[in-house]
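See below for the structure under consideration.
Chain nomenclature is as follows: A, B, C and D, assigned in order of appearance, with residue numbering initiated at 1 for each chain independently.
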Amino acid sequence: MMHEQLDISGLVKRFGGLTALNSVDMTVGSGELLGLIGPNGSGKTTLLNIVSGYYKADGGSINFERRPVLGHAPHQLARQGIGRSFQVTKIFRRLTVLQNMLVAGLSDGAQSQSEATDRAMGLLRDLKLERLAHERASSLSGGQGKLLEFARIMMLSPKIVLLDEPFGGVHPELKRFMHDHIRKWNDSGVTIILISHDMGSIFDLCQRVVTLSYGDIICDGTPEETRNDPAVLDAYLGDHHGAA
Amino acid sequence: MAQLEVRNLHAGYSRDIDILRGLDVTARESMLTTIIGANGVGKSTLLKTIIGQLRPHTGTIRFGERDMRDVNTRDLVNLGIAYVPQKHAIFPEMTVQENVEMATWAFRHEKPRARSAVERVFERAPYLREFRSKRAGLMSGGQQRLMQLELALMSDPELLLIDEPTVGLDPKRAGQIYDHLRRLVTEERRTILMVDQNVIAGTDVADYIYVLELGANKLEGTKKKFDEEYRDAISEWLF
Amino acid sequence: MSLVAILEQALNGLIVSSFYALAALGLAIIFGVLRVVNFAHGELYMLGGYAYFLAVASMGLPPVVGIVVAAAALAAMGALVEWLLIRPVYDGRADRPEEYSIMITFALSILLLNLANSLFGPWPRRPEPLFRGGVEIGELIVSGDRLAAAGVAVVLIAVLLAALRYTWAGRAVRAVSQNREAAAIFGISVTRVGMLAFATGAALAGLAGALMGPVFNVVPPMGVIPVIKAYVIVVLGGLGSIPGAIMGAIILGQVESFATILIPDPSRALAYKDAYGLVLLVGILLLRPQGLFGTKERRA
Amino acid sequence: MKLQTLRLLGLGLILLVFLALPLLLGDYWVYTITIGFYYAILAASWALLVGYIGRISFAQAAMAGLGGYASALSVQHAGLPPVLGLAAGVLVAGALGFVIGRLTLRLHGAYLGLTTIAFAEILRITATAEYQLTEGSRGLQVEPLLQDGSRSEYYYLFLAVTVACLALMTWLLRSRVGLFFQSIREDEDGAASLGVNVTLWKTVAFAISTAFAGLAGGLYAHFVQLITPSMMSLQEMGIVLAMAVIGGFHNVVFAALGGVSLQVLLEGLRELGEWRLVVFGLITLLILRLMPNGVFGTVADVLTDRLRKSGDDK
């Protein structure tokens, strides 16, 4: 029962004279696991920041479950089911691991503290962080921090999750663990947009890959199609300055 | 003359995350060495560790006889190393003349040397003359980038470390920069280690190439070998 | 209002501006290099007044030497403060550096104020000024001590600007405030420049205090009002900008001397005199935090 | 479990000591400690803002003064009973705090510090300048809170209000709101990504904090029966900051204890003259530099640690 969940059309974003997104059109179906790739500066994180409400757009529209996204604050979008991670984890270092989880669980006021605590402990157990629930987040290792960020997002019960370079500086073993969890979320019906430079992960996980280059979508297809598209190879290898 | 040797380097921004995981890189004398790899594999981290902005977790960095593990950024210039960061390393509110003079800081007390270094810049880069008494921030991005290269050369370094030489430049300017770098190696026998996203142009100009993947060595070889065997390997590796 | 009255207000404004500028420049240099707002600046200003008083009244030195003594004493003090208290802000020893820098300088101001109270007593002192008597410029009559102090302040500002432009140390200060990383790449010791900046900033505050002390009395809380003016000025000009601080000082001096005329009730007008700058400060911070002349990029 | 009981025990003990003190001390000390309760509420209200949500403010003393003037003037001119006057003071200070919090949403660190200094000084200057209303720097006579109230009556009243304020703050900070505050202090973008309404809570935190300051100021005015603009000065603010820092500004109770104990110490060392304030300033610097959790915070940390270790041994 795949339906259009996220509908981006004509999205434009400029920073001063630089066009970061140049009329981007893209739809994401409910339950997809979509890879978003492209060389540095191609506009991936900008797109993510607009969809999650952190940047204003200069043109175009975005609908999430047929409701407009643009003009809403990040916290409103988070409560509507758009979860996201950050390239550099933004865990709350002086709060405990459990408190980190509760911020997400209690923010919409729908759960009581004890309900939220139960759910949080369950999620922490899944991610093998249960033992650390009452430790300050500052005592976590970098990898555990990444997992906590994952767990926190799940605490929101999101319908779509935007992951921005989740594998940076992560051990291969942990990466596999994270892969498993991303698949598990996706299997449970959560839509996922994955930004990564780690092509192995992208081609491993995603059924569909969208490639951005200089603010334009240059390829939208299966991993196989993307791999064989000369435009994509050019974008990565090429003298991208010559693109214009 | 000396070469830069990085052996089994582990480094990163926090103690427990290694961005670099046992990297080996050598910048061979009088050669241009280019390091390529996707964003986030640790190219800039490598440069930051070499110049002392980050301390290695383990591994060695040597420049000639000098152990570079405890080096301070401000000592580089005295070791004969110039670093050209990705962000513009100029002083935007100072005039171009003042910028050029600041680059003689390390040898400002050797007046004749400093003076001739300043004059040489304006000879080598005549376009800077018209900006001499204007604020450097008024120049275009490409002009600033070129000036930065000139400033780096003023201390007559043996080794140039360059982070993304042509980022944000139009193809013509980029071409000029690559030509310029090539000349520095062929004609002036300098050693250059640069990291570059611009895979084709960055490898085209190089003598020796390293390809990184997630903080470790993936491929390496001379330009010739690279041309013959590695082009396909690279695209294969990318996808 | 007659032309003479207008001129008199304008001249008064300029005289006041020159003192403000001196104190504000110190704040701007410290912020430019260290990214720290020195909330103890007013007390450094006050200590300058006392250093001058001690040199001139207690030790019997000539006023000009007193000024030099004040500058030297405060420079040493500034270097010490930087080394002991400010360095943790940027060498990673402070857990939350910005919060720490604000509180530590604010606490330092309380300490210095009470120290002066204990050492020198709360009563006002009036050391010998640089110059006595009045000066007539056409129909305008200006008191000589003010004019002389303002003259010295202007000369000092000119010397400072020249030093920032033409000496290596001055250029290093500008270089570090414009681009820390580039400065380090060219071999400049950012740490040493940090100490130099704080010492210079403290010396400038001390000089302003030494010049103003004889005009308005030396007393422990003497720095509270001027430092608030200095905040207004550096915010007007964009925190850390040196030309901005000078422009800011001129604007504030004129605004204050003319705005007093706006309120008819004289005692109320006098009481509100110090509030104009503050309203300006709030307005600028809320609407244009990069300052009147700054660009957004520079402030980022 | 055990930690919790011990904490309650400690607090109970402290409360008992405060309850017993008037029976042991003379009028002078009872008066001094009563003033100490004013500082306790004020320091705690500042800690609520700075320690929990990470917003720095130098307007807290001025807000106390505003609350004091608002209460005194509404009693004098509108004929309200002092209790309603206090409520008016809380409302006025809270409302202005809401406005300032709203206006300064985008400012951080030193920029926020400077803005709040400006607001504080504008308030103080206004109180001085509007002498027809406020009697200017001569000070305004204020109706007493209790008609013919004795020293110990005031003492117990202040103690009760202080305990109530701290209980209210603690309850709030332990609820989800406290969690939101702290998440904003740690990382605003991170908090927003988890659904926390950053704008709302930043504004509300300012308003709550200034409302408590307004209450403290009102109590003070009706107790001392005189209010002057000098209680709004930056020097007063410095004392409040020092009290919170020395007590430990990451915890409202520790900050309050800092307020009351330093007020007592300052009075006790009166014979040292102004030097006691020098020592006070020096201690503040040392604490900031070496013991960022404050005296009580560090003691609590050490005790907690001990207890945990001994628990582990078993």
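Some notes on this structure:
Just so it is clear, a contact is a pair of C-beta atoms (placed from the backbone, for glycine too) under 8 Å apart; a residue touches a chain by one contact, two chains touch by 3 or more.
Protein names from UniProt, one per chain: A = Amino acid/amide ABC transporter ATP-binding protein 1, HAAT family; B = Amino acid/amide ABC transporter ATP-binding protein 2, HAAT family; C = Amino acid/amide ABC transporter membrane protein 1, HAAT family; D = Amino acid/amide ABC transporter membrane protein 2, HAAT family.
Owing to the predicted nature of the structure, the values given are computational and were not obtained by experimental measurement.
Inter-chain contacts peak for the pair C-D, counting C-beta pairs in contact.
Ranked by separation of Cα centres from chain C, the top chain is A.
For the pair chain C and chain D, the distance between C-alpha centroids works out to 32 Å.
Centre-to-centre separation of chain B and chain C, using mean CA positions: 42 Å. One finds 42 Å separating the Cα centroids of chain A and chain D. Across the assembly, chain D contributes no residue that touches 2 or more other chains. Of all residues in chain C, none touches 2 or more other chains. Multi-chain contact residues of chain A (touching two or more other chains) are absent. Here the chains touching each other pair up as A-B, A-D, B-C, C-D.
The touching residues of chain A, when paired with chain D in their complex, are 52-54, 73-75, 78-79, 83-84, 86, 90-95, 99-100, 102-104, 106-109, 113, 152-153, 155-156.
Across the interface of their complex, chain C is touched by residues 51, 73-78, 82-83, 85, 87-94, 98, 101-103, 105-106, 108, 151 of chain B. The residues of chain C lying in touch with chain D in their complex are 36-37, 39, 85, 88, 95, 98-104, 106-115, 117-118, 122, 221, 224, 228, 231-232, 235, 239, 267-268, 271-272, 274-275, 278-279, 281-282, 285-286, 289. Listing the residues of chain B that touch chain A in their complex gives 12, 14, 16-19, 38-41, 166, 169-171, 174, 197-201, 214-215, 234-235, 238-239. Looking at the complex, you find that chain A touches chain B at residues 39-40, 141-143, 165, 168-170, 197-199, 203, 226-227, 232-233, 236-242.
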